[in-house]
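Next, two complexes with chain A in common: one pairs it with chain B, the other with chain C.
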Partner chain A sequence: MKLLTLNFLTCAIKTCKTSPASFPLHPRDCELEVVESESVNLPFLKNILPRLMWDELRVIADELGLPALPSTPPTRDDLVEPSSSSTTTISHAQNAGNAAEGQQQAEEKPSQTARDLHRVLLETCIKEGKLVCGNCGHEYKVMEGVANFLLPGHLV
Partner chain B sequence: MPEYLVRLVQVHESFRKAELQALADVAGVGIEFVKYNQDSPFCIVRLPSDSAAEAVISRSLLSQGIYELWGQGPTYEALHTSIQELSSSKWLKYESTPFRFTLDGFRGTRTQTEQQAIIESFSYLGFNGPIRMRDPDVSFRVFEDYEDKALEPKHLYLGRFVAASGRDAKTAFDLKKRHYISTTSMDAELALLTANIALAATGKLFYDPFMGTGGFPVACAHFGAVVFGSDIDGRSIRGTGGSARKGQVGKKDVGGNFKQYDLESRYLGGFVSDLTNTPLRLLQHSNDSTNGGYLDGIVCDPPYGIREGLKVLGPREKLNVTERATHLDRFKEPTYIPPKRPYSFTAILDDILAFAVATLVENGRLSMWMPTANDEDVELVIPTHPCLEIVSICVQPFNKWSRRLLTYRRLPESEVSPNAPEMAKKEYEKGVKADELNDFRRKYFEGFKEFERLRQEPTPSEEDMMDSKGISGKWRKA
Partner chain C sequence: MAESDTQGADYEEQHVHSVYEQIASHFSSTRYKPWPIVERFLQELPDGSVGADVGCGNGKYLAVNRNIFIVGSDRYALYQILSTNLIKIAKQHQPHAAIVADSLSLPHPAHSFDFAISIAVIHHLSTPARRVEAVKAVLDLLRPPSAEGSRDGGKALIYVWALEQKDSRRGWDEGHEQDVMVPWVMKGKKEKGSKKGKGQEERDQVVEEGAVKQAEDKTFLRYYHLYKKGELERDIEEAGGEVVQAGYEKDNWWAVAVLKRTN
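For the complex of A and B:
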């Protein structure tokens, strides 16, 4: 499972859901794997940026021993290489209309910030390990990259 | 806005308009339907430009292509007059362009000689460029629409080809060629269609809570979305136990399917979970803006309880003190299997809606399949939620039952009616056996006999039918 998934996961136990401590789940004894992508999915990063729980992601990166994420989240503009913005204005004018938007995005180059973020969220995977709830301490196992959130009989 | 002719295919008719509308929404262009008929593969729409037409149709599953409409009429005479009126200004533009001119008949054919004569009758267009059947710069097509078994066509169109559809994907994603499938995998055409109607696109995040072998996530990833999914059965995600494919050996898993189509970079992963005890973050209160939705779309085919069990976590009967202690004692052992119980089908549908409300971004979409028995006398009940608006309902009919693709839009808080009651607490079927909990399953295995009987009896009164399935909002089958 890629690390971005942790941005959406909490404890599955209903009584934990209301507690702030149930998010994020804390990775423990994790074996990581980096699956490199050929290109950075810039439109996706831009779209998902406001939905990232930045402080919590920093905690996760820290607990996994990954390079620290900056203390404040990047802005959408930070994700784009500044030099590529001038060409996009021209192309936008030429292709007035809606098809232009896709082309505009295709011509934008991801910045180093975008590449770093892409590496952490969309290329780094948890292969084996545990995810632990900060509220109740329940451990969810990750095996072969698949986390198991099924609850035992007494916790449902 | 100019008029375009969409050459549709004559399958899954009730999905076609919903698909075109959805694709226009994805492309961000306005579409206006001028002429559409369930029984005809010829649909006339208004779109702003050729590039808009291409953006819409290039992803379409249920069409062959889109053409700029140059004329139409009930007879060739009328067609020629119409072409004179509509498009004479455009003729000169193609005077010396290499071109192709072909004929397409629906429910009728012409001999080679007849075809030639028809094409010759358009010589007044004055195209003097070379004829190229392969890779022409511009391509024209005459469409003949016949009544069944009629000798003469009832309507004719002439169009200039603008763009081909994305129907090729149906072959590329064909289940027969997919490495890893299961008994309930959705066929590729319908999975891709679901992804289109749910507005899967580049930059978006999609989730399938009943992923199985990942057919829907694969389809959404094909259209550019980043996807993830879950299933209560971990074996289907991990892939141990092999595939439904006979004689297949070696490790096959959901990740492998993404690799097969070179979509791995858009697959976040799958996890094992139960929708009624989901580990995903849920919006706690509808006015909680700090913790808003994060999914652009949810696509799923929930278990019907026929070929695959409809189960959720939890023991069938309430645990007593000693049983609880045993679970508490043993749950960390590697061989421990969490107990599961059958669940009400109407309840799971409502759970999906509630989950969608708690996870979708504003205007995000939920597309889910729902099976129903085909009976005119029993009211069809579509699940509803005050925060979700029904966008489209598409029907795939079978002999005695049918299934519907229900698509909802997550309403922005400002559009949710303040008077809308919180989703009413409903009484669902009670019981511990699958048949007691799942009406559809029971009817299915009884061979839908009940309906044969009902058909002969007088129609039950309105009052009797009210809330027969315990759900508000009623749609009468069209």
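For the complex of A and C:
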């Protein structure tokens, strides 16, 4: 499960949702896995930027023992390589097997900041472990990269 | 109400969930083409849109648009299928995720999504109250519009099976009982020649009855509430939504709805 997913998850128990402590869910005993994808989707990253709960993501990164995220979120401009040039012929993205798309995006190249963001949000995945609600303490299991939010009958 | 609600849940456990769990291992990966209206809905979303596919099944809609982020959820613990498909999708650089969750207890912060889809899910709920609750659970995911009467909020696409389908081989039509048990035939594995019989795993599909039967074929019955004209729109209104577009496509009613702003 990509870490970006945690930006959109909270406790499944209805009475918890309204409590600020239920977001974000806290990873515990997690086994991480990096699923590499070679192309950074710059338009996607730019547009998702305002949706990120940055402080909460920093907490999650810290709890997972990942390198610390910067204290302030990057801006849209931070994601673009200043010296981007359309003359670069051997783009990294072309190795990914979709050369056409790689060429289209060649005008604006992702910066190191964009690649770092891509790495942490979209390539870093929780493979096995638990997600814990900070309000009620309920633990949701992650198995084979899929988190299970089904509740026992008495909690529904 | 609480009691009938429990009964509804128990009934669905027996006549919907346990059936899916038994057939889950036979789900095919991406054999079925997405419904055109669902595909178009997803393709027309702006880049960077974030949303939910409530009842994502094998995840076939997750791959339609690589510039959006979809969190798919399903009641069925299809780990193997989901994780296999997600790995495939990840290799195509698709930024998506899937979780196991109940459509009535979704683990998403309220009003956080740009869109939500609910395809062939709500017709499995067995009481009117639970169906409205399920529609509400979908609508509550959406960003509300910025002002009263404005439609700039998140959008939901809901799809349910129609009662009016006299041209289908099931032949139901106006006036027929709306709560039905639908047979689903799981083909016994055999004879490589008859490839056509495989892959009926798709939840929206029912295998041709009377198709070459084999000894190991198993028939399961699943509960459906068949929606009649106008009923989906009424459920949406009752759940606090506003229908912005609605129609009929191939034996199904569909509607696009936004959250109504109430102030």
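Simple rule for what comes next: the second predicted complex is superposed on the first by the 134 of 156 C-alpha atoms of A that agree within 3 Å, B and C clash if a C-alpha of one lies under 4 Å from a C-alpha of the other, contacts with A are read in each partner's own complex, and residues count from 1 in each chain.
Everything that follows uses one rule, which is that contacts are C-beta pairs under 8 Å (C-beta built on N, C-alpha and C of every residue); 3 or more make two chains touch, one makes a residue touch a chain.
Not measured: the values here are computed from a predicted model.
Peer 1: Thinking of the overlay built on chain A, is A:Cys136 touched by chain B (first), by chain C (second), by both, or by neither?
Peer 2: neither
Peer 1: By the touch definition at the top of the document, which applies to A:Leu66: first (chain B), second (chain C), both, or neither?
Peer 2: Touch status of A:Leu66: no partner.
Peer 1: Quick check for you: in the superposed arrangement, does A:Phe8 touch first (chain B), second (chain C), both or neither?
Peer 2: both
Peer 1: Applying the touch criterion given at the start, work out whether A:His154 contacts chain B, chain C, both or neither, answering first, second, both or neither.
Peer 2: first
Peer 1: Which touches a greater number of chain A residues, chain B or chain C?
Peer 2: Larger number of chain A residues touched: B.
Peer 1: Where does A:Lys17 make contact in the superposed view: on chain B (first), on chain C (second), on both, or on neither?
Peer 2: Touch status of A:Lys17: both partners.
Peer 1: Quick check for you: in the superposed arrangement, does A:Leu32 touch first (chain B), second (chain C), both or neither?
Peer 2: In the superposition, A:Leu32 touches no partner, neither chain B nor chain C.
Peer 1: With both complexes superposed on chain A, which partner does A:Pro43 reach: first (chain B), second (chain C), both or neither?
Peer 2: The answer is both, since A:Pro43 touches chain B and chain C.
Peer 1: After overlaying the two complexes on chain A, where does the chain B footprint on chain A coincide with the chain C footprint?
Peer 2: In the superposed arrangement, which is not itself an observed complex, chain A uses residues 1-2, 4-5, 8-14, 17, 23, 35, 37-39, 41, 43-44, 46-48, 51, 98, 122, 140, 143-151, 156 for both chain B and chain C.
Peer 1: Along chain A, where are the residues that touch chain C in the complex?
Peer 2: Contacts found on chain A: 1-2, 4-5, 8-14, 17, 23, 35, 37-39, 41, 43-48, 51, 96, 98, 122, 140, 143-151, 156.
Peer 1: In their shared complex, at which residues does chain B touch chain A?
Peer 2: Going through chain B, the ones touching chain A are 27-29, 48-49, 51-52, 54-55, 202-205, 226, 228, 230, 232, 234, 237-238, 255, 264-266, 268-274, 277-282, 284, 292, 294, 296, 313-315, 319, 323-324, 327-328, 331, 336, 338-339, 361.
Peer 1: Residues of chain C touching chain A in their complex?
Peer 2: Answer in residue numbers: 9, 46-50, 66-69, 71, 73, 75, 77, 79-80, 82-83, 86-87, 90-91, 93, 95, 97-102, 104-110, 112-113.
Peer 1: Over in the complex, which chain A residues touch chain B? Could you list them?
Peer 2: 1-2, 4-5, 7-14, 17-18, 23, 25, 35, 37-39, 41, 43-44, 46-48, 51, 95, 97-99, 101-102, 105, 122, 125, 140, 143-156
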